[in-house]
Amino acid sequence: MSGIVVRNFQRSALDRLSPLAGAGVATVHEAIGRVGLMASHLRPIYPGASIVGNALTVTVAPGDNTMLHVAVELCQEGDVVVVVPTSPCEDGYFGDLFGGALKGRGVRGVVLEGGCRDVRTLHEMGFPVWSKAIFAQGTVKETLGDINLPLVCAGQRVEPGDAIVADDDGVLVVPRARIDEALTAAAARIEKEERNRLRFAAGEIGLDVYGMREKLAAKGLTYYDDAAAYAKRSNG
Amino acid sequence: MSGIVVRNFQRSALDRLSPLAGAGVATVHEAIGRVGLMASHLRPIYPGASIVGNALTVTVAPGDNTMLHVAVELCQEGDVVVVVPTSPCEDGYFGDLFGGALKGRGVRGVVLEGGCRDVRTLHEMGFPVWSKAIFAQGTVKETLGDINLPLVCAGQRVEPGDAIVADDDGVLVVPRARIDEALTAAAARIEKEERNRLRFAAGEIGLDVYGMREKLAAKGLTYYDDAAAYAKRSNG
Amino acid sequence: MSGIVVRNFQRSALDRLSPLAGAGVATVHEAIGRVGLMASHLRPIYPGASIVGNALTVTVAPGDNTMLHVAVELCQEGDVVVVVPTSPCEDGYFGDLFGGALKGRGVRGVVLEGGCRDVRTLHEMGFPVWSKAIFAQGTVKETLGDINLPLVCAGQRVEPGDAIVADDDGVLVVPRARIDEALTAAAARIEKEERNRLRFAAGEIGLDVYGMREKLAAKGLTYYDDAAAYAKRSNG
Amino acid sequence: MSGIVVRNFQRSALDRLSPLAGAGVATVHEAIGRVGLMASHLRPIYPGASIVGNALTVTVAPGDNTMLHVAVELCQEGDVVVVVPTSPCEDGYFGDLFGGALKGRGVRGVVLEGGCRDVRTLHEMGFPVWSKAIFAQGTVKETLGDINLPLVCAGQRVEPGDAIVADDDGVLVVPRARIDEALTAAAARIEKEERNRLRFAAGEIGLDVYGMREKLAAKGLTYYDDAAAYAKRSNG
Amino acid sequence: MSGIVVRNFQRSALDRLSPLAGAGVATVHEAIGRVGLMASHLRPIYPGASIVGNALTVTVAPGDNTMLHVAVELCQEGDVVVVVPTSPCEDGYFGDLFGGALKGRGVRGVVLEGGCRDVRTLHEMGFPVWSKAIFAQGTVKETLGDINLPLVCAGQRVEPGDAIVADDDGVLVVPRARIDEALTAAAARIEKEERNRLRFAAGEIGLDVYGMREKLAAKGLTYYDDAAAYAKRSNG
Amino acid sequence: MSGIVVRNFQRSALDRLSPLAGAGVATVHEAIGRVGLMASHLRPIYPGASIVGNALTVTVAPGDNTMLHVAVELCQEGDVVVVVPTSPCEDGYFGDLFGGALKGRGVRGVVLEGGCRDVRTLHEMGFPVWSKAIFAQGTVKETLGDINLPLVCAGQRVEPGDAIVADDDGVLVVPRARIDEALTAAAARIEKEERNRLRFAAGEIGLDVYGMREKLAAKGLTYYDDAAAYAKRSNG
């Protein structure tokens, strides 16, 4: 069933995508309706990286990095390689040799539902990876997987050419068909957040900025001056 | 049942509390008899922060940050906001907008049995959070919780006005009634540790500093020069 | 049954071991045939440390650090202390006082299937620990364990005098009898990796460097130009 | 600090409590406002048990069952013994000898934030335990804990004399002061659930029984006949 | 963004699907090329159930079962309801009232990436649920989700109308377009397994049945009569 | 490095071993000094099985069951097959076909640091497995492991020919050299437990049976009649 390699997919222009990295995972996630966020067990191997790019998808057998070798040849400037074992595995699929090869081809980073090794060297060369584990365990080259078929990574469906946004807050997938919407909505959200930020900076608080007071009162929110007042009321 | 907001509680003077931050979680925890340490899954979102303050307690519904908005208004200089979902949830309850609002009010930090987002910005603004996860997942504003009622956070009971000490070693709660005792005991412990440190620096070791040798011999501790000697003895 | 202390064991000369730290966990692990890697839940308490040394093994009762005190006296320059509770426990067995004592004796670091505390001070003093948790929970001094008997740490058998290599990628044990083999194999691997690195830097990829193309074709790897071509083929 | 044994506490009459076992954990939990439910990692060692009783609380050191021996003497007919290690530990604190002793004294069961052993024999003798793990690991008798002080078990505060309800759905604590309220509310809830059950059995559904339709429409719930209709609408 | 309800989807005839339940999860999973198996944390609330049906998909907010109420009305004979929170949550979304309602409509069972309660009653009424947790925690009715849109459950993509097969081995999704292929392949596999079973029963073993001996020898498999022979060879 | 198959090892006579199964995991574990107990994540796939046998050890690559096929041929009456992946993996290495083959050869059961499938059929045929997970995920036949070399399973060292005892309490390894000691000690322990059981049945309790009262008093155990007495004392 596996052993399928689809060479090409529709990529988005990088200058079109780049505002999504500027906006960041949390903001874009909000902007597109709170969908597409990968599970929190994917963590960056070092803090501070922030990327966006076109998803190139790879499935690998547990403990087998064959398909990563196949993938290298297909990578292009601005890709983010999304790697998922066909069953749970935290072996060290990815290390500095791969990092150098992908960086040389302009790949932005790797999202890996598995283990990463050589993390210090990868940090030094500035090639970011979001992975499930840091684990040096080696892999073999025996079993085929697929490249550029849709897959599920950390709870989210990814199709080749979807936009991947990743930073210290985690990893987000934006379906290719929704990228324009994401750009517009993220820009609007940033503008709105900036407005709110000014109001907050001026001392206003969310209860007023978001008009929550009446709604909360209607739901039964009840204030007591102190514990004594509450005790009196609840016993009274 | 929920929807209770107790506005005020007894706060301790900040200059009184501050030696507890200086002593640190591990030392104060020892000093007060090894109670009050929250579970190790609460981790700081960046290393190096060290705080103490008065606990302001907030319960939130899973996936719902309504009560955090209510809490902002009640916060005062020197508070530490302790946030606990009413059932396990790692959604991103807290981000940079809240961070800015709380920092502006002098809040020392947040302890959150849930998820935190915007961690890079929070690091840049120097507002520390100890959380169960880093997760950008958004929350809604539909369901009430309580403010300033006692709660359980990461295995420890917290009452409003308890002292919260947090640093790279974790999070500790010191009941308000025991703060003076904690201060005295922590000072004594630091003095004792300093004396021990000098003895250790002079080359003494715990077996002598703590007078353990006789007790260990009585328990049956047996030394062998090497594996051969042990093998001979255990077979002999 | 416990309470056994074996004072001495065969140590390897430190200048003989040091190339293993230079090679690093991932490389030595590959070089010796992918054995001996401890589980990924052991993490360094701060990034950047890289050590090698002779294993001194300690078992401790859950919540009891008695045997660590016994171990201090036996430590020598270049040792790595491997500490394992006799049942799962994440209490804070190790802190800055122990760190100072061990550092003063030339110990290279600690591998601890338990909890570590005072992590900031340990970082400042440059004494590395790889542990299962960061947890300030105190321990008692009541129950005996063993020193310098073989044990299992994070899934790997360790005998006193085995070489321990540890860095940001994790912790590796090299049996004493295989140290020469490890040195030779690691050197060879580094040389080979360097050759490969040059080829990769020159633009070659693993499919060619490792001669994978024919083997993959034989396994049935099939390329399609794009999703449309794949869809056509798979339906055709 | 520890070593406190409080012999007596206020117990509720057993025939007063027994309707809570009949109602079951899920129903009583709803009835008292969804508080007091212990974390889901506490599981019964065999299915089918259903108990209620007065909480007798015990803290134990990690890997040390001293205080369980102390507790046996204090147990009375209808007690439920709640056992919590002072730091996380899954050792086998409880086995068939304890089970026999407690059963002989009329204890209803044990809630144990640790490990249980001899589970087959306990099943055969019909003595139920809700525990975090099944683990035969032995414990020592060296370190004191406390009996009948308040504690936190699996995320919930328990005071001696609180009612503990436990069945296949988990473990619930009902504060002693709220037992009457719980009885009344549980009875009312059962009556209401029975009424609803009849309506459901007659083919009605929750949307109508709970009057949800208008509220959902107001929130924007939108029906489409099929995927084609939805696709048309969302693109239209 | 949410609040979409698609009423209808293409269902497969139940007598067509039923052989998949007979074949079981493990066999069908093999037959369709080892895809579609949900993660192992989904476990049946009682052993022995074995179902197949048409997936009706529901997303719910964390701690909110609104959409389950909406779903009841849409269920038909032979459906399997697949329920996924929009972020990780183990609250008790599903209990006996829902179980009765769904059973009355001919629903085969529920697959729930959350918590289940009333498990004893559900067992007694013979309504099976595969869930992530058993947890009585109640939910609210405030926030919308979606019905019959594609979703990801326990790592697998599910579309409305896909076939769900579930038994003691776990939960499998078979895309609707592949059901015929699954039926044919499962039948072939059963036949082949039966043939193999006869050969195994006659004393043959996999090395011969699957023709592995030569391949293994080529890979370097080496037999030694005993440990002494191996030691001699590896040192020789 | 792998691909080693050691055909034979020293087995213990089955009638010599069988009292260890009668004594059970918890008792034998106590009898031999509380060593050798595997981690609690190994659970039986069905309750009630109780076995003892000679360990035949197998390492497998992640997601690869090649070596299980090799092992079948080497199994003899009374063996217990211990299977460990070379890195963490929960794939379904073992199912009913293997179960039938091993049962036919008199194998007592399987201990598997991985996943098991066909659990219902295995239950029906009465072939017990203790595994880390129940997971139907298929495996490949590409990569070699070793047979009958020492390995680590669930935290414990196992050598071929060690005795494996397994029941509802978990899995225990008894080194071959200690089997006689284990038999004697287990018999003594059972006798002692029986004596104690009679005393407990007669109403005595552990405090007296084990002579703990004086020791506890010396450690500072302090009794208070009730909470009021304790409050008075601790404040007085």
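We call the chains A, B, C, D, E and F, going by the order they appear; numbering starts again at 1 in every chain.
Here is the rule we use: a contact is a pair of C-beta atoms (placed from the backbone, for glycine too) under 8 Å apart; a residue touches a chain by one contact, two chains touch by 3 or more.
Because the structure is predicted, anything quoted here is derived from the model rather than measured.
Common neighbours of chain B and chain F under the contact rule above are A, C, D, E. With each centre defined as the average position of its C-alpha atoms, the distance from chain B to chain C rounds to 29 Å. Note: centroid distance chain C to chain D, computed from Cα atoms, is 41 Å. Among the residues of chain C, those touching two or more other chains are numbered 34, 37, 86-88, 90, 135, 137. By the document's touch criterion, interfaces exist between A-B, A-C, A-E, A-F, B-C, B-D, B-E, C-D, C-F, D-E, D-F, E-F. On the chain F side of its complex with chain A, the touching residues are 61-64, 86-91, 135, 137, 140, 142-143. Within the complex formed with chain A, the chain C residues making contact are 24-26, 29-30, 34, 37, 40, 43, 47-48, 50, 167-170, 172, 193, 196-197, 200-201, 203, 205-207, 210, 212, 216, 219-227, 229-230. Only residues 3-9, 46, 66, 68-70, 72-73, 90, 92, 95, 97, 100-101, 104, 115, 117-120, 133-138, 141, 143-144, 148-149, 160 of chain B touch chain A when the two sit together in their complex.
Residues of chain A touching chain E in their complex: 1-2, 32-35, 37, 39, 86-88, 150, 152, 155-157.
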